[in-house]
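So that you can tell them apart, the chains are marked A, B, C and D in the order they are listed, and the count of residues begins at 1 in each.
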C-alpha cells in the first residue's frame, strides 16, 4: 500500500495546494470582521531627532478618523516601551526621541484603510534633528555620543561575547607556517516575504477575550509575550487566542513582535473594535527586522601543506537602535560559532561586539538558522583565500581538510557536537555532476583568450533544530516542540503541532511521518497548526527547527500510539502483546503474517472493543526535547562568466548537493533547495539595505531592494546524499535553509576565482557590476 | 477635497458588477474590499511584485496600478475565475503537479500572468516563460518549478486541443 | 549635498544686503511661495511648493538668520517638512563690494533631504536640489538688477 | 501606500480633453498608462487635483506606416513590442519596448507617456533621438510637430505647452542600408537603466556612414543625444578606430550622477562600452545582417 499510504520518502503532492491555487488561502489581510476599523502609522523622516511637538488636530479633523495614538498616550498604559527577546527594551512609540528613519511616531485609527492613510499623512510633528550614527565602528569609538541614555551602561556597546581558546589560538597563529586574513562585510538585508506583516486584533470587552489573527511564525510564544507585556491591562493567557492563518512567507521576518502589532492590540482593547493593521512594503523593509549587518575580520592559520590549524574571528554586529535580535536567549550572536564549518580546526577563538546605531532594530535570520550564513560565508571564503595563497585547488584543499566520516559524532573547536556527516562524498558528487576537471580546463583556455570565468565551491555545515533545553530557551521558555495526534474510530487522524508552516508544506510532510509510523494513508490525516486554542504549545517555525524538533515529536507521538495499538491488536488477535510486532505498516503475530490487524481495525477497537482496564481512545501528545542539534551539510559549485565591459556577473551553472539526512518528501525538499539557493543568490549579487550619512535608507522599497526575478535566477541543478542523523527518530535534519546558507559563498568564490590570477582575494557582497568593473579597470583587463 | 463617488459597471469573471467608488480607489482594493475577492494579493507599493496581477480585457496587468474607475465598462478575470464547473484550469493543476508554489501568496498573480501567456503563445520556450513572469516576484520557489508548472499546463492544454488518441505534445 | 556659486550683481552692496536679509523680499525668490509669515526680523515661516514636473511637495519651512554681519556675511537656516519627508538648507552668503554699483554674492548651501523624497527620488535628488538652489540665487540677482535699466 | 484624492475626468475626445486641461489650470494631469504616475501618487509625491483620462478616447492607439512610421501616443508598449512591421523594419523600437519595466507594466504603459513623462531614465527618448523622430502636439488651437531634439527640456519637463497633448510619434522611413539597436544595462530585469545606448546608422553605397544617431538613457537630466559621437562616425566606415572614438565621445558627453545604480565614472564607462557594442550591432544590421 506504499503509494497510497504516502509515507516517508515519497513525493506526495501537497495537500495545502488545493486552496492556494484557487485563491482561497486565508491570509491575515483576508480576515474581515464586522465593524472592523483600520490602523495606519505616521513615521519619522529623520534617523535621529528630538520630538518637540506632535500636532494631531488636522488628522483628528478628518471625517472617519476615530483616534490618534502617540507615545504619551501609551505611557500611562505602560506600553510606550516593550521588552525584546535579548533583554533589551524597544520603543512601541517614542515619547521624546526618534532613533531611526521610518520609526513609528503615531498611529491613526479610522473607519477605512484610505482614511487611516490620510490621517497618518496629516499628523504634524516638529523635530529637532540630532547627529546620526550609521556606522557601528564609529558608534563604538570612545567619544561617540550615547544613543541609548535609557540604559545603565553609558556606551553604544550592547554586549561583548566571546567563545573558544584565545591563548591557545594566538599561540597557534604565532607559530603557524601560513596565515591568511580577510575583512568581510556581510551587509544588512531584509527577508521581504511577498506577504508583508499584519494583524487583526479583536478584543471582546464583555468576555475580556482577545483574539488576534497575526502573521507570526511562533503563535504560542506570541501569546505568552502578549500575556507578559500586557498582563497589567487585564490580558491573561487563557483569554488570549493567537491565530496564525496562512502565512505568505516568513524566513525569520515574522518571528519578532513589531510596534504595529502592539498598537493594533492596544487600539482594539481601548475601542473594543476589531482593528486591522497591514504594512506597506516600504514600511516592511524600512522598519521591520533586518538580517546580517556583520563586520567580520577572520584569520586562518595553516600548515605549509594546507592543513588548517586555527581560526580567529573578530566581529562588530550592527543591531540598530534596540537589540531586538531573534536569538535563543543565551546566544547574543546566535550560533555564529558554527564558523569552524566542515573543518577540524584544533583551536578557534571568536568574539563579537554588538553596537547600537540609528537604524531599525532586528538581527533576525534570513531563511537561515541564527547567524549561520554569516559563519558559513566567512569560513568558506577563507578556505578559498587560503587556497589562493597556497596556490592550491580549492576543491583539493577542502577534501584534504574535511572532518572525516569516522570522526562523527565530532566535537568542534568551539564545542558543538556535530551529529553526522560525509563531506567528501557530497563534494565529490558535486564535482562529478558539474565536470569540475573539464571546467578548470575551460577556464585556463579562456584566460589565454582574456575571457573571465570562475568556479566557486562552498562546502558548508549548518546547525539547526534549536534546541536542547539545557542550552536553548527564548525568554526562559525551553525550545522543545510538540505534536498531538488523535486517531478517530474510523481510522482517520488529526495531527496538531506547535510549529507553523509558512510555505514549507507541513500539512503534507507531517502527515507523511504519521502515515509511515501508523499505516494511515496521508489522505486520511488532517494536519493543523497555528491556533493556540487547539494546537499544543510549541516555539514555532524558524531556524529549520520544524522537522528536527516538531517532526521528531510527531514520530514519537505516533510511536506512543503504536505501542498502545499493539496492546489492542494483541487483544483482538488473542495473542500475547510480546508476540505482536509492527511489520509492513500493520500489527502481526510474529511469524504469522496471516494473523494481522491494521491500524484502522485497531483504532475502531480502541473506541468499541478495547481491553478491559485499558483507557479507551487512541491519542498521544509529545513534547520533544532534542538531545542535540542537527547538522545538515552540502557542497555547492557555481560557474560564473564576467562581462569585461560592464562588470556583470552571469551565473552559468549552479550544482547543489545537499545532505539533510533522511528525506520525508523529495519533491518538497527540492523545492526548498530551489528557494534557498535563490535567497542565497540574492544577497550575493543584488540585495542590500544601505544608509547614507543622514540615515536615509537606500533600498527601502522594491524599486531599489532588488529581489531576483525569473530572469536573474539560473536553472538550479540539485542532487543529494543521505547521512541520517543518529539522534533524530526518523534520521531527518531539516532543509529549509541549507541552500541560503551555502550559496552566497559559492557565488562569491566563483567571482573571486575568475579574478584570482590577477591578485584578487575578496569582494564584498553584493557583488555589483561596478565593484567588478572597478577591479577590471584597476587590473587593466577591462574591455 | 470633497469625496466624490463614481458609479462603475464592470464584468468580473463573467459576472456583471456595479458599484460606487472613490476616484482614487485602486482596482486591487476594489476587488479585495468591495467585492471581497481576496484571491488577488498585494505585495508591494511600487508596481514591482505582480502579486496583484489580474487579466484586464485579455492582458495581465498589475491591479495596484490601475484605478477602479478606469475599469468601468471593462472585463476582467481573477484567480477566482480559473476553475470552471469544479474543473481546475490546466495552470492550477500544473502548479500543483510541479510544486510550483510554496507559501501561495504570489501564486494567483503568477498564474494569471501564465494564463495570459499561454493564451497568446501555446508553446512558450523556457526563456519566453521566464520573460513573461519577470514582473511577478516569488520569494519561495526560485522559479524553477513555476517554469515547469507553466510547461505542464502548456502541454496539457495542447493535448486537450488535439484529436483524441493523439499523444502528448 | 553641497552646492555653491558666485553671482556678480549690478547693485550696491547695501541694497543686496537689504534684500537678502529681508524675509519678505528674499521670500519672493523661493519656489512657488504659498505664504510668508514673518515672526521677527531674524526669523520667518514660509510655505513653498517645490519639485520637478509632476513631483511636487508642499514644505512648511522655518527660516532663521543664524548670522548677520552687515553688510558682509549672512547665514540662514531653512528647516521644514512635507508629509513623509524633511529638508534642511544651511546657506551662507558673502557679499564683496566692487565699486558702488557692483557686488559679488558668493553663496554656499548644504542641503539635506530625508524621508520619502530621499528614498523614492534618490536618483533625482542631486539634480533637483541643485537646480532649485541655483534658481533661488539667480532670482535674487535678477530681482536686484531688475530696477536698474542697464542691469544684467 | 494610498493615493490622495483627485477628480477623475474621462475625456470623450481630444476636444473634451483640451477643455478639461484648460479647466484644470495646471493642476490637472493627463492619465495615459499611469504606470509612472500612479506609483508617484501612491507615495503622495504627486497629488494632482484631477486626472484627465485619455484611455477612453478612440483612435489614439495605432501603428501605421505610410512613408514614415506613425505611432499613436496611447499605443501600449506591448503593441509596439509585438508589432510585425516594427519588428521587421524598426528592430530598434522592438528592442526598446521589450526592455521597458516588465511585461505586465508594458501591457498598460504607453509610448506617448514614456516620452511625455520626460523621465531621463525612460527608454524611448534615447531611441527616438537616435531615430530623429518627431512628435505631434495638439491643442485647441491646432497642432504642431516638435522635432525630438526640442522635446526634452529637463527632468520631467518637456516643451509641450500646458494646453497641449502629445498625440503621435513620427519616425522617418528607414533608408536603405540603415539599422540600429538599443542596449540597456540594468541592475535586474524591470529596473531603470544604469545606462542605455541607442544607435542608428545609415550607410551610403560605398559603405561609409551617411548619418548616425546615438541617444543615451539615464546619464543626464534628460535623455541625451551624443552629438560628438555621431560626428565621429559620419564619413567613416565605422571601423574599430572610429567606433572607439565615437564610444569615447559618447562617454564624455554623458553627464551621469552617482546613485544606487553606481558611481558616475562607472556609468560613464558603461556608456562607452555600450556605445561601441551598439554601433557594431547597428552596423551589422545596416549591412543587412541582424
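In the analysis below, a residue touches a chain if its C-beta (ideal position, glycine included) is under 8 Å from a C-beta of that chain, and two chains touch if they have at least 3 such contacts.
Quick caveat: nothing in here was measured; it's all calculated off a predicted structure.
Asks: Shared touching chains for subunit B and subunit C?
Replies: Of all the chains present, those in contact with both subunit B and subunit C are A, D.
Asks: When the C-alpha atoms of subunit C and subunit D are each averaged to a single point, how far apart are the two points in Å?
Replies: It comes to 35 Å between the two C-alpha centres.
Asks: Please report how many Å separate the Cα centroid of subunit A from that of subunit D, as a whole number.
Replies: Chain centroid spacing, subunit A to subunit D, equals 44 Å.
Asks: Go ahead and note the Å separation of the Cα centroids belonging to subunit A and subunit B.
Replies: Once rounded, the distance between the two centres reads 30 Å.
Asks: In subunit A, which residues are in touch with two or more of the other chains?
Replies: Those would be 113-114, 121, 280, 282, 698, 701, 703-704, 709, 711.
Asks: So which bits of subunit D are touching at least two other chains?
Replies: 1-2, 4, 43-44, 102, 189-190, 260 - these are the residues of subunit D that touch more than one other chain.
Asks: Tell me, which residues of subunit B touch at least two other chains?
Replies: Residues 22, 24, 45-46, 48, 131, 134-136 of subunit B touch two or more partner chains.
Asks: Under the stated touch criterion, can you name all the chain pairs that qualify?
Replies: Those chain pairs which touch are A-B, A-C, A-D, B-D, C-D.
Asks: Okay, in this complex, where on subunit A does subunit C touch?
Replies: 43-47, 101, 121-122, 124-125, 127, 129, 282, 286, 692, 694-698, 700-701, 703-704
Asks: Could you pull out which subunit A residues touch subunit B in their complex?
Replies: 13-14, 16-27, 29-30, 32, 113-114, 191-196, 246-251, 280-282, 502-505, 667-668, 670-672, 674-679, 701-703, 707, 709-711, 713, 715-716
Asks: Using the touch rule from the top, collect the residues of subunit B that touch subunit A in their complex.
Replies: 22, 24-25, 29, 32-33, 36-46, 48-49, 51, 78-80, 82-83, 88, 92, 95-97, 99, 101-108, 111, 126, 129-131, 133-147
Asks: Which stretch or stretches of subunit C touch subunit A in the complex?
Replies: 79, 81, 83-86, 88, 112-116, 118-120, 122
Asks: Can you list the subunit D residues touching subunit C in their complex?
Replies: So the residues of subunit D touching subunit C come out as 29, 37, 40, 43-48, 117-118, 121, 154-157, 192, 218, 221, 257-261.
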